[in-house]
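Right after this note come the structures.
First chain A sits with chain B, and in the next complex the same chain sits with chain C.
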Partner chain A sequence: MTASKTTSRATLITIIITLLLVALLGWRFYSLGNYTLARATQDFLNALTLGSLYALIALGYTMVYGIIRLINFAHGDIFMLGSYLAFYAMALTPMHWAAALLVTILLGGTVLLVIRALFNLEEPKKTITLALLLFAGTFFLLAFRHMGWIEALLLSMLATGVAGVLLEAVAYRPLRGAPRESMLITAIAASFFLENLGQLLFGPRVRGFNAETILNKPLSFSIGHDTVYFTGILVMVPLITALLLFVLNTFVSRTKLGKAMRATAQDAEVAQMMGVNVNQVIALTFFIGSILAAAAGVMYSIRFGQIHPLMGLMPGIKAFTAAVIGGIGSLPGAVLGGLLLGMIEIYAVSLFPTLSAYRDVFAFVLLILIMLFRPSGLVGEDLTEKV
Partner chain B sequence: MRKSFLIAVLLVLGSLAMAQVKIGVNLELSGRFAAIGNQTLNGIKVAHMQMPKVLGQDVQLVICDDETTREGSIACAQRFVNEGVVGVLGAISSSMSIPAAEVLQDAGIIMISTSSTNPQTTQIGKFIFRMAYTDDYQGKLAAAYAVKDLGAKKIAIFRQIDDDYSYGLAGFFNETAKKMGAKTLIQDFVANNVDFTAQLNNIRSFNPDVIYYSGFCAEGAPFMKQLREQGFKQQVLGADASDDPQCPEGAGAAFDGWTFTGFATPNLIPDPAAKKRADAFKKKYFEAIKNAKPGDFNGFVLAGADSYNVLVAAIKAAGSTDINKVRDALANLENYPGVSGNITYKGTDGTPKDRTIGFYKYVVKSASDWKKIELFGKSTAEVQ
Partner chain C sequence: MRNTILTIASVGLAALALYLLSHMQGTSGLLSALTLIFIWGIAAVSLNLINGQLGILSLGHHGFMLIGGYVTALLMLPAKERRPFRTRLLSDWARNDLDLDKWLRGLGLDTIANSVDLKFVIALFLAGLAAAFIGIIVGAPSLRLKGDYLAIVTFGFGEIIRLLPNAPQVAAFTNGPLGIKGIPGNAGSIWWTFVVFLLVIWFFSRLKFSSYGRAFEGIREDEIAAEAMGVGLAYHKVLAFTLSAFFAGVAGGLYASYLQSVDTQTFNFFVTFFLLVAISLGGLGSITGAVLGTAIVILVRIYGGFLEESHTAFVGYISGAAVMLAAFAFSVYIRKSRRLRPVVEPKHYIFGGLGILLLLVALLFQGQPWMTQKVQFFGMRRILLAVILILIMIYRREGLMGRAELAWNKVFGSREDIPSDEQRDQDAWLSNPDLNPGAAKEDDDASA
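After this line comes the complex of A and B, so read on.
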């Protein structure tokens, strides 16, 4: 994650992609009739939303890969878990005080233990403050009122982050020294496990995710005689993605834990010799990755309005593709890859209306092309394989 | 020597007393069609409760979940071949029924698809039957409704290209609509692809009067939500796959006004005697299935129940559980008084004669507050 080199390359590639897009659009205007400026704007907005959603999920993939070179196939299912937790947070509140107390103790306790371990909270004073804040906050959210989507999102992010840490501790940590193939197979197994657990716990049925939010309200503006339609979430998702990218980048490049993360990414063994607690850093990575997955899950559910236990499968594959296109391991790369994938999917349908079912084909052809010509992705570093 | 002889006799006697007729049930109990799969299963279970014995032997249901995948459906079919069932009920959808039918036809086991509507399903062989009508009827009726009753001149059609049912049905609809003078524009999508914004932008300049959607709810609910968000106010028509609570529950108020064709419920069955049986069955259903919501009783339940009923009737008529005899009895079944109307297989390819297709409309206030209004029923006998 060398910042300056990656950034300049990202800028260059963004410019190239923009030029290509403009050329394609020009051709679209020229070759097919009925394409107005309003429809072009509409296509662009649609692509931006879809792309930002992919980018948000891809960030989690790329973080984990950057640290332990593991393609975390369970990421899509962590995404599903995040959506369900937010769904239940909204559906089951306000709770009876006894139930709320029980959930608070269980959830708050686990979160507290995990956070303490992750961030080295040794001082009793800080721990007590955090514990009070956590317990009081959770209890307040659960017991007194119907939870809105923002509180549900925050609570789900915390809980899903903890679930990610537990997943790492149970499924990946015991295999730390093992060959990478074993880790990969474990990741696939973890994915199947979570999917089936989801069917068992939440039921196999599709559920409506109806967050009453202004984000879902249809909005529109006019260009000439035509109208362009969008919803609040269309503005929110790219903003949240940009914000998270900025926060993450700052965290990785400016803080002490971030430095430890980069060190672990370069060489875990040497980092350990230098006094970096590698286990802690890796757990932290999973914590952040899962938080991102939960955020993406809730945004995705608000956008499409429904959740089911296998919902993580398709977005997971797409986001993985996005991360690989952008250069897996690179944060700006993941966002770039996600946006590019969104653009391809929308414009494939727009440019070839009769081939609308084959939009995924376009996306995966792009993946193959990029793998052929730039195996490390658009902005990825040229990785020399470490053994 | 004598002791072992005794044991052998006891074993034979025991197996006679334990003799059971096994019927396989291959349904989509998890995955994309989980809701309608479980409704069908409930229908079969209630029918089983009413008629638990045939020829003096207990009927045992062997239930297999195909997880709404073709591979799962084939695995279920192979399992039934090994278990030695007389017949198999299910699957629901054409995409899962066709691969299972190929396995079961080869093995010579009876299969009654509860609600596959693709015409190909029963043409696979003489052991394959169905309970529903076929999509040529459904497509024609829906197109006639769109063009004649709604006065549509331009119709946009959304079809799921990787599903046998959706693809075939959209084709029949398109054919009839064009024949009646309407212009059509087809847009495709695939399973689990829930972003429709690009396709919707494509139909914007076509400006359709009516939109026809021939897919399932897993994509249908997000489709409807995005359609309304993108400023389309047109009437949307769906098909029997949208007779699924996942549709209004997934899309909420956006689903309001969705009109669709489906397997007829009691009120739409024209034959008064059949309606009486259906109503009695409905009552039994709500007694037996404790946590059933009013919206859970639909055509899929009736189709499931009648698939069980006709198979048991055929075993009775054949007087044995010999599969070939049962198949012949089933193929010669005439005017069996089922809960979904009279069922006749004699002289058909395994599709019952004269089924009723109902027209319904969703009235949706919110995801939890919705109902289905029964508009009218049309018999397939009226369609040429």
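After this line comes the complex of A and C, so read on.
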């Protein structure tokens, strides 16, 4: 998770790849003639949005891998869980006051316990303030009015973060110190468990995710003679992503817990000897990763307008590819990889429409090529095992 | 000698039992269950070769099975029945010349071409070869990697293979997402799968105790030590991978011909997951365990259907509560038997609390309309399999059998494979240079 050493190389590589993309774009532009600047702008917006979403999910993969060397297969399903929670938060509010009270006590209580354990809030004063805030806020959101997408996003982020912590506690923590293959198998099983639990609880059919916000209204502006059509969400996703990345970066680089996280990523044993509570740090990692996945899930659902229990599969794998491209274990690498993968996917399909059938194959081919020829990714550290 | 006779006798008995079963009334469900156990047993044993004996986690097995399935389907389906396929690139060749019948007659083998059974054997063999060829292509570059990187790369290859039949450029062969239907073949009859299964088991049990099998296990235990002892890592890994892919292709072909249809959803990632559950349940590295695990998983899938029937919500709440309370009791039991303190961890109260909550809700709202409505629990069996796999990984990583095999010597208690005390003393005397100075000298002479 070290950023400073590799940043210059990352910048260089980004510039080179951007130049290549621009060259490709220009060549295509001149050779075809119908690829206008307006279409290029539209593609750019799409790519930036998709890339930001991949980056948000990829951060969860890369943080977990950086700390316990586990490919968390179930992360894509955590993403699915996040969007379903937001869906139900919007669909079921305003609730009957008794139901709202029950949900508030259950959800608020769990969130309170988890947050208190994760962030070392031992002082009673802080705990009470947090409890009041949580319970009153949740009850207010649930009972009185129809929930908007921002509130649903926040609530879903909290609840999904807790779900991630629970997943770690139930499935992964008993396997601490087991062979890595066993942990991977467990992660695959957890992924299947969540997918099928989603089908059981939420029903297997595709549902429309209608956020009813101004974000879905079609907007347009004109460049030259052509018009660019887009929606508010296309602008909102990169902005929210940037905000979340800023908060994450501040947390990881400026706070004591962030320092503990970086220390654990470097060497868990030594960190433990220096007094870092490794279990707490790992749970915290899952919490943050799941929060980011939930944010990505809600925005993804608003962007594409529908949700179903298996929706986490492809974005999950693509985000994992993004994490691998950037160098698994590295935070800037995940963001870079996510943006890059978004760009590649959108531009490749837009410039070469015959390839659109292979859209999903791209991610796998890229994944295999990177794994085979540059397992450390673009900016990652070298992870090859030595004797 | 005794063991050989016993093996032949038991195979004969099994065949007799199958013969009686297939002539009795009302056993068709059991027979199809047995057929499935044989087919998936072949696949599980072949995955066990890589995941268990070689100790490499491969997640691309569904790709090899898919190749086997498609090759068998294309070879068995007469060319004229493939007319509705979309016509694109290569389609003329696919429609007119991709025809096993024609090839065989071209070679002057009319007798084989006239018999569906013999054609099926050839098609299965070619399906295995095709899968093995792809296995080499996949394995040679990716087996340089280790651990979870290798798992991810094989997973990627498997998914690429699964996605390719839908692409327009190959849809002339594969009929795209619609798949191929109406495959003739005899895997529907239990004898085919039984015989192929026996041959495969015989092959793998010979392989396990051959020098190659020992080399594989050496690589599993310690790659560096194995290499130092003269085991070629790349060669043995690719060999195991190819063999495994070959038999996965055969199993895929059998399964496609059992279903009489094949499409890309027949062999999705769930197939690999399912095999992974089977071999982990039976014990990674044990052929007997792989077959046993497959049998258990298949029986859960076939006879677990009542889990997914429609019940009232009340039943759902009650069984949810029962599962939660059972989990609570189980975890308390485990901690008590391992003498861990505290006996009840705080997080276990979550299970207990949820269980009691569900029970209370069920009992309080017993008569409510939303409690008596019918609910169907889709995917309950898959959830069960996932939970089984997680529990095995946490509580019993060696599975049911460990690495042991079922052997006649064990059944009769005479452990011929374990040396007696007398032999052990003799070995110790022979190999100890202090007691037997001549031995070391002989070794020197031999090496010189």
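Just so we're on the same page, the second predicted complex is superposed on the first by the 370 of 387 C-alpha atoms of A that agree within 3 Å, B and C clash if a C-alpha of one lies under 4 Å from a C-alpha of the other, contacts with A are read in each partner's own complex, and residues count from 1 in each chain.
To be clear about the criterion, a residue touches a chain if its C-beta (ideal position, glycine included) is under 8 Å from a C-beta of that chain, and two chains touch if they have at least 3 such contacts.
All of these numbers come straight from a predicted model, not from anything done at the bench.
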Open item on the list: Quick one: is A:V365 in contact with chain B, with chain C, with both, or with neither? Answer first, second, both or neither.
Closed with: second
Open item on the list: By the touch definition at the top of the document, which applies to A:T11: first (chain B), second (chain C), both, or neither?
Closed with: neither
Task: Which superposed partner A:T255 touches (first chain B, second chain C, both, neither) - done: neither
Open item on the list: Going by the contact rule set out at the top, does A:Y229 touch chain B (first), chain C (second), both, or neither?
Closed with: first
TODO: For A:L175, decide between first (touching chain B), second (touching chain C), both and neither.
DONE: second
Task: Which of chain B and chain C A:Q199 touches, first, second, both or neither - done: both
Open item on the list: With both complexes superposed on chain A, which partner does A:A357 reach: first (chain B), second (chain C), both or neither?
Closed with: both
- [ ] For A:Q42, decide between first (touching chain B), second (touching chain C), both and neither.
- [x] first
TODO: Based on the superposed arrangement, let me know which partner A:F304 touches: chain B (first), chain C (second), both, or neither?
DONE: first
TODO: Find the residues of chain A that appear in the contact set with chain B and again in the contact set with chain C.
DONE: 199, 204, 357, 360
Open item on the list: With touch defined as at the start, can you tell me which chain A residues reach chain B in the complex?
Closed with: 34-36, 39, 42-43, 46, 49-50, 199, 203-208, 210, 216, 218, 220, 227, 229, 231, 304-306, 308, 310, 313-314, 345-350, 353, 355-357, 359-360
Open item on the list: Per the contact definition, I'd like the list of chain A residues that touch chain C in the complex.
Closed with: 69-71, 169-171, 174-175, 178, 180-186, 188-190, 192-193, 196-197, 199-200, 204, 317, 320, 324, 357-358, 360-361, 364-365, 367-368, 371-372, 375, 385, 387
Open item on the list: Applying the document's contact rule, which stretches of chain C touch chain A when the two form their complex?
Closed with: 57, 59, 141-142, 144-149, 151-153, 156-157, 159-160, 163-164, 166-168, 224, 270, 273, 276-277, 280, 347, 377-380, 382-383, 385-387, 389-390, 393-394, 397
Task: Touch list for chain B against partner chain A, complex - done: 29-32, 34-35, 38, 161-162, 187-190, 192-195, 197-199, 201-202, 204-205, 217-218, 221-222, 225, 228-231, 246, 249-252, 254, 366-367
